[in-house]
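Structures follow.
Shared between the two complexes below is chain A, which has chain B as its partner in the first and chain C in the second.
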Partner chain A sequence: MSELTQSSAPRRSVGGQLLGSSQLVLGIILAVLCIAISLAAPQFYSEANIIAILRQCALVLIVASGMTMLIITAEVDLSVGASLAFVGCIGMAVLNSTHSLALGMLAAFAFAGGVGLFNGLVVTRLKVNSLIATIGTMMMLQGGVYLFTREAVQNHHRLISFTDLGAGYIGAIPLPVVIAVVIFAIAAVTLRFTTLGRYLYAVGANERAVRLSGVRSERLKLFAFVVTGLCVGVAGMILSSLMNAGQPTAGRGFELTVIAAVILGGTSLLGGRGSLFGTLLGVLVLKVIDNGIIILGWNQDLQMVVPGVVIILATYLDIIRNRANVR
Partner chain B sequence: MNWSKSILLSSAAALALSTAAAQAENMPKRIGYVTNYATHEWYQNVIKGMQARAKELGIELEVQDANLDIAKQVSAAEDFMAKGVDVLIVTPVNEEGVVPLLRQAKSNDVPVVLEGNPVKGMTTMVAICDYDTGYTAGVEAGKYAKEKLGGKAQVMNVGLPLLSATVLRSQGFMDGLKTIIPDAVMVHDLDGGGNPDRALEVSSAALAKNADINIIYGINDSSSLGGLQAWKAAGKSQDNLLTVGTGGEGLAFINAIQNEPSYRIEAAMFPEKEGHTAIDAAVKLFNGEEVPEHIVSPTAPMNGDDWKKYYDYDGTVRTIKWDAVNALQPPEKCMKTSADLKK
Partner chain C sequence: MSVDFLYPGEGAAVDTGVPAIEMRGIDKRFPGVVALDNVDLTLEPGKIHALMGENGAGKSTLIKIMAGVYGKDAGTIRMRGRELDIRSPRDSLKEGIKVVFQEIALISEFTVAENIFLEGYPTGKGGSIDWKKIRADSAALFNRIGFNVDPAARTGSLPVSQQQMVEIARALAHEARVVVMDEPTSSLTPNEISLPFTVIRRLAALGIAVLYVSHKLDEVFEIADTVTVLRDGRHVSTRPIGEHTNDTLIQDMIGRRIESLFPRKRGAPGSKVALSVQGLSTAKKLKDVSFEANAGEVLGFFGLMGAGRTELAKAVVGFDPIISGTISVDGRHLMPHDTHTGVRLGIGLLTEDRKSEGLMGELPVYQNASLASLGAFARMGFIDKARERKAVQDYVDRFRIKTPSLFQQIKNLSGGNQQKVLISRWLMRGLKVIVVDEPTRGIDVGAKSEIFALIDRLAGEGLAVVMMTSEMPELLGLADRVAVMCEGRLTAIMSRDEATQEKILNAAIG
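On to the complex of A and B.
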């Protein structure tokens, strides 16, 4: 839909076109950041650091792939951080009792998918605004995880395959990065090349028109919520593998990082516009900033400040882009 | 044999006398404890220690969680006073916010014991010495590095600069370490946020910048484990690495000592003992006895399997060995406190 919106817009000024091409702007920002940090600290482009950045990007990118679909439908899920922690605890508990990676993963997916389904039903059936509904779910999950376990669920099964999930490699590429790339590719193809993807854009752009044309928009939104939930399931298991424990305190602020990456990538919070490639650039920009602050030895409090500034700038950019599109 | 019998008999007599003395004291009927964050493993174990001691002395203990909300803490304390508790124990959510509460308690004649953090106008506080805890762990780390790491000490500190207590731990660790290895260096001084995923993330970036470290120090167990997991995720061997944790809050450190070859030292802070000591302080205040402004709760560095001296572990639950922990002698005064950081 973003492509449709942009191509159907009348001729715009060069500045407007540049702003309209948010991915180009982001690409330039990313390149400038990488060059500037590399000049100041050559360790930035070392193999070890590039792998560290990619690994840090992987978890965010996995969830952001689902979240992009969801935001394109004009909904949002703020419960992903709380769900991430809960998924890790449940997955680890099942792994401890069954010693089966498949069952552990299955339990994690069932739980995370269930959370997505619940959110989707509350939004589409009860007509509760997704912002409010998922804040409610977030609170339930944050409290619920402590009812489930007061302590971190330790790794008692010692399964090598589970350790590899977070710390393993395929060739020189960390396994979480490979998983993230696969999920990203599936989501990108779905959005770009399938009827389902077109419908997701259409629901976000004009839900009423979609309904009038006979498409059940609620089901499409439900689908996007469940996909986001399943992505959290994958990320939660990778995180618990990386931490070697199911941590009830994990994932604090994770939802904000994910949403920031998505809107930074040009996906409109109002729905109907956005792309997975933009999200990928958004994730890379945020994580390069995060990594750069440590590599440069700057005050780490900036790791909270800078993404905040970036979110505001990105939203402002979105407004300017919308104006340019209208013109 | 006769000697051991005599020692046994005299110990039993001393124990009986002290129990009798304790029972001779007037016991408060009810104590109210307002914790600041009951979901944290540290406070869960503080509460366990309080419950065990209160049960032993026949005191009814009620616990409320402020959940990091000072307004909630104040109203919970007011509820306790309205209910007529004999003594209040409070872990302050923030130091300024509790000052009016202390005044209110004083006007209601309810003695207050603080746990963890000092507040202006307090009568007494039960807390560990953070600097000393780091210092003694640093000395042990120095000995280990001298013996097994070729006398080299390149440290990655997974710290938390936001809190004075955790800054003191890190400072103490480096100072203790330097008593054994004077040229020890802190290569990375990180803010791991005190939680494992953040610690993992910042440690990964720091190790990518410079992996020439051989000691990971964490201001709590989550921080040291986050640092260690980053080390492992980078595909590095633990052969010439030492990981030092702080706290011993839950089961994580036991699991780590049992399964991670580099996790050899834990600066244990015995939260159960802190809870136990807080109840004893509450009894003393109730009886109008003089108490020091800072009652120090003991800590101890545990090397390798030393933890078994202090805890039983059945695979799911740990149980403190009170005899061993009660035998630890805390310092009368801390080497450094948060006041020293302001100088």
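On to the complex of A and C.
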């Protein structure tokens, strides 16, 4: 590629960076999906349905915000689904025994953050590949939750504020959506405007270069793991509020949805590349597909099949677009 | 595929005077750039032809067209009068053209023999692979290039120089008529270079046309019969090597004269000790290394391959762990021994391995430049991007870094410009001691003198520069004092005036 050096290679403006990559493809996919579904089923555009879609998106978006940061550092966490279920059970159990939302939330955060910290330490200190490490954690949590409780932890405390967590509204917007938007915004601003965000990209792009520059790269990765864990804490409490119980079986496959959304959004598993805006689009695409399948009355098993096809297709389109840029 | 094929040098008839390959009027455009403009190249059988030019001159585009990696936009390629239609690397190989790229294209987990016969394993009864024959044939091939590698060795366990030989043996298995070597010595050390040279001469003796792509003058003078120079995608000259001098070749390559490769503008070094290393040992290599470097001084470290220069560089800046010894920068101990503390005290490394330890290839130039000094552009953790870019722009202007914009991904810059960005990274941070490891590796002549000038300037601004190098001219041209290493030990330190090539080599051998 050295021949290209002296050329006036395409300049990338800030706006171009935002929309340049796979996000354009994704935006088009989203628009086509929305138009197609609403032509086939006009109720897709009802206010109630849009709110429903947003509520569906909220849980995924919360965890995907942390996961985007983590994948940008070239690590990944597969234990978020298992942790999500466990967090709900623990949160609910603490609520039942203390009748305090604050303590319940605190327990959930401590547990989920602890899981993130554990993952982070295993990866950065023991140098275990994060894919393997977090599969290990996932298995420990999936089994561990049954050691903790054989069945769902029911709501015995009847705290209104807890029910509001999942079912409440601020104005016309569901509370989980508001929480998701806030977390998303904080993560997006961090990635885009702060030194911390810049370092996260840098670590993913070349960890050794970052370390040689005097930056403690392990701490950055550890941070991303813990943030992902804390996001799971928030999502777990919302989920248990929505279900009005801590379900040990909840969250199966949740990690796949989250990672799929992040990757669909153009974040590279190799690290150093990606954006939260892309993740947002990824979440929307996946959840609009889910919703469309239900509204159109298709077989629900397609809810897994179609996103699988979409991921492969979107990634392939991205490759084609990159190739067109190079040649 | 057969190994029974005979080359002219082994008794087969020689087509005298008929070019092995003839490229005429080759054009190649990439979006926004003309990479090759009407380039001619003719290779004779049994001759070693050097292809020279700076990065961006079009050397690699030309050989990639030969190799079928790129298609050409115009022009013809003929082999013994017949026009070739090369559309893929497979076509090229079928026509007997073998390009050995810098990035070795072997499967490192396979054995040498498995790699050589990758395209088609000889089979025995019932279609099972005839391993005995593969080993024997591989050994026979190595014999013909006058070099021996164990065919059963795992390829990845061999040094790069030997892996290159495996690729050449593979070329012979394909009855190659044309062998292209793309900067074969760029990842080798001085005492390894003789190996490819011997083999290249042997290839020529077999009647194979060899194209030797390089920007190292001394190598070309040593090995080539003819030299073709490209500049900015155009053919500049093709002459027998005898008609060239160092100066005429450089002039052809860069289109201007370089006054001096080693411009020295700085004054005498200071007397204040900036870096003090005492009794440094590492688990793997270094044994009891002690030295001091003064502010404003260039201290050059020489050593043969495996002497421990890179290990020393990485240990001194806190990147690799040490088992004993002390390092102090400006009188302050590097404790705890890590790069975070190192950079805070003012010592940093300009790595020899830009790709895996220096560059963030996918990220833009300005983010690469500001990596070590980001804190200086931040308020409450938020980056003031306008200030950051302005600071980087200053360095881009001052060092004449050629980049289309600050937003260009750094992987698209030439080696010399990448190196300038990495030097800027440290200057923006402000260091007291900079350790530079093979500062001109993979950088071409024109840019080399600029890097030398920058190193001179660093010392002139009062930094202590510790320079690891395997290039004798670089060492003698830049250093105030010369330190020599051998097998992890420091064997000599001498002033510039005492240092002669002979003394240095003696100390390097131990």
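In this text, the second predicted complex is superposed on the first by the 293 of 327 C-alpha atoms of A that agree within 3 Å, B and C clash if a C-alpha of one lies under 4 Å from a C-alpha of the other, contacts with A are read in each partner's own complex, and residues count from 1 in each chain.
Simple rule for what comes next: contacts are C-beta pairs under 8 Å (C-beta built on N, C-alpha and C of every residue); 3 or more make two chains touch, one makes a residue touch a chain.
Computed from a predicted structure; not experimentally measured.
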Exercise for the section: In the overlay, answer first, second, both or neither for which of chain B and chain C A:291 touches. Expected result: first
Exercise for the section: Considering only touches as defined above, state whether A:216 meets chain B (first), chain C (second), both or neither. Expected result: second
Practice task
Mind working out whether A:208 is in touch with chain B, chain C, both or neither, as first, second, both or neither?
Solution key: second
Practice task
Scan A:316 for contacts with chain B and chain C and give back first, second, both or neither.
Solution key: neither
Practice task
May I ask you to decide whether A:193 touches chain B, chain C, both, or neither, giving the answer as first, second, both or neither?
Solution key: second
Exercise for the section: Mind sorting out which residues of chain A both chain B and chain C touch, each in its own complex? Expected result: none
Exercise for the section: Would you pull the chain A residues touching chain C in the complex into a rising list? Expected result: 1-13, 17, 193-196, 198-199, 201-202, 205-206, 208-216, 272-273, 327
Handout entry: Of chain B, residues touching chain A in the complex
Key = 39, 41, 44, 190-191, 195-197, 200-202, 204-211, 222, 225-226, 229, 232-235, 250-252, 255, 259, 315
Practice task
State the interface residues of chain C toward chain A in the complex, per the touch definition above.
Solution key: 30-33, 35, 55-56, 58, 60-61, 232-233, 317, 319, 338-340, 342-344, 348-349, 351, 356-364, 367, 371-372, 374-375, 378, 381-383, 402, 404-405, 407-408, 411-415, 417, 425, 429
Practice task
Give every residue of chain A touching chain B within the complex, in rising order.
Solution key: 41, 43, 46, 48-49, 51-53, 55-56, 146, 150-152, 154-156, 158, 166-167, 169, 174, 239, 242-245, 247-252, 290-291, 294-295, 300-301
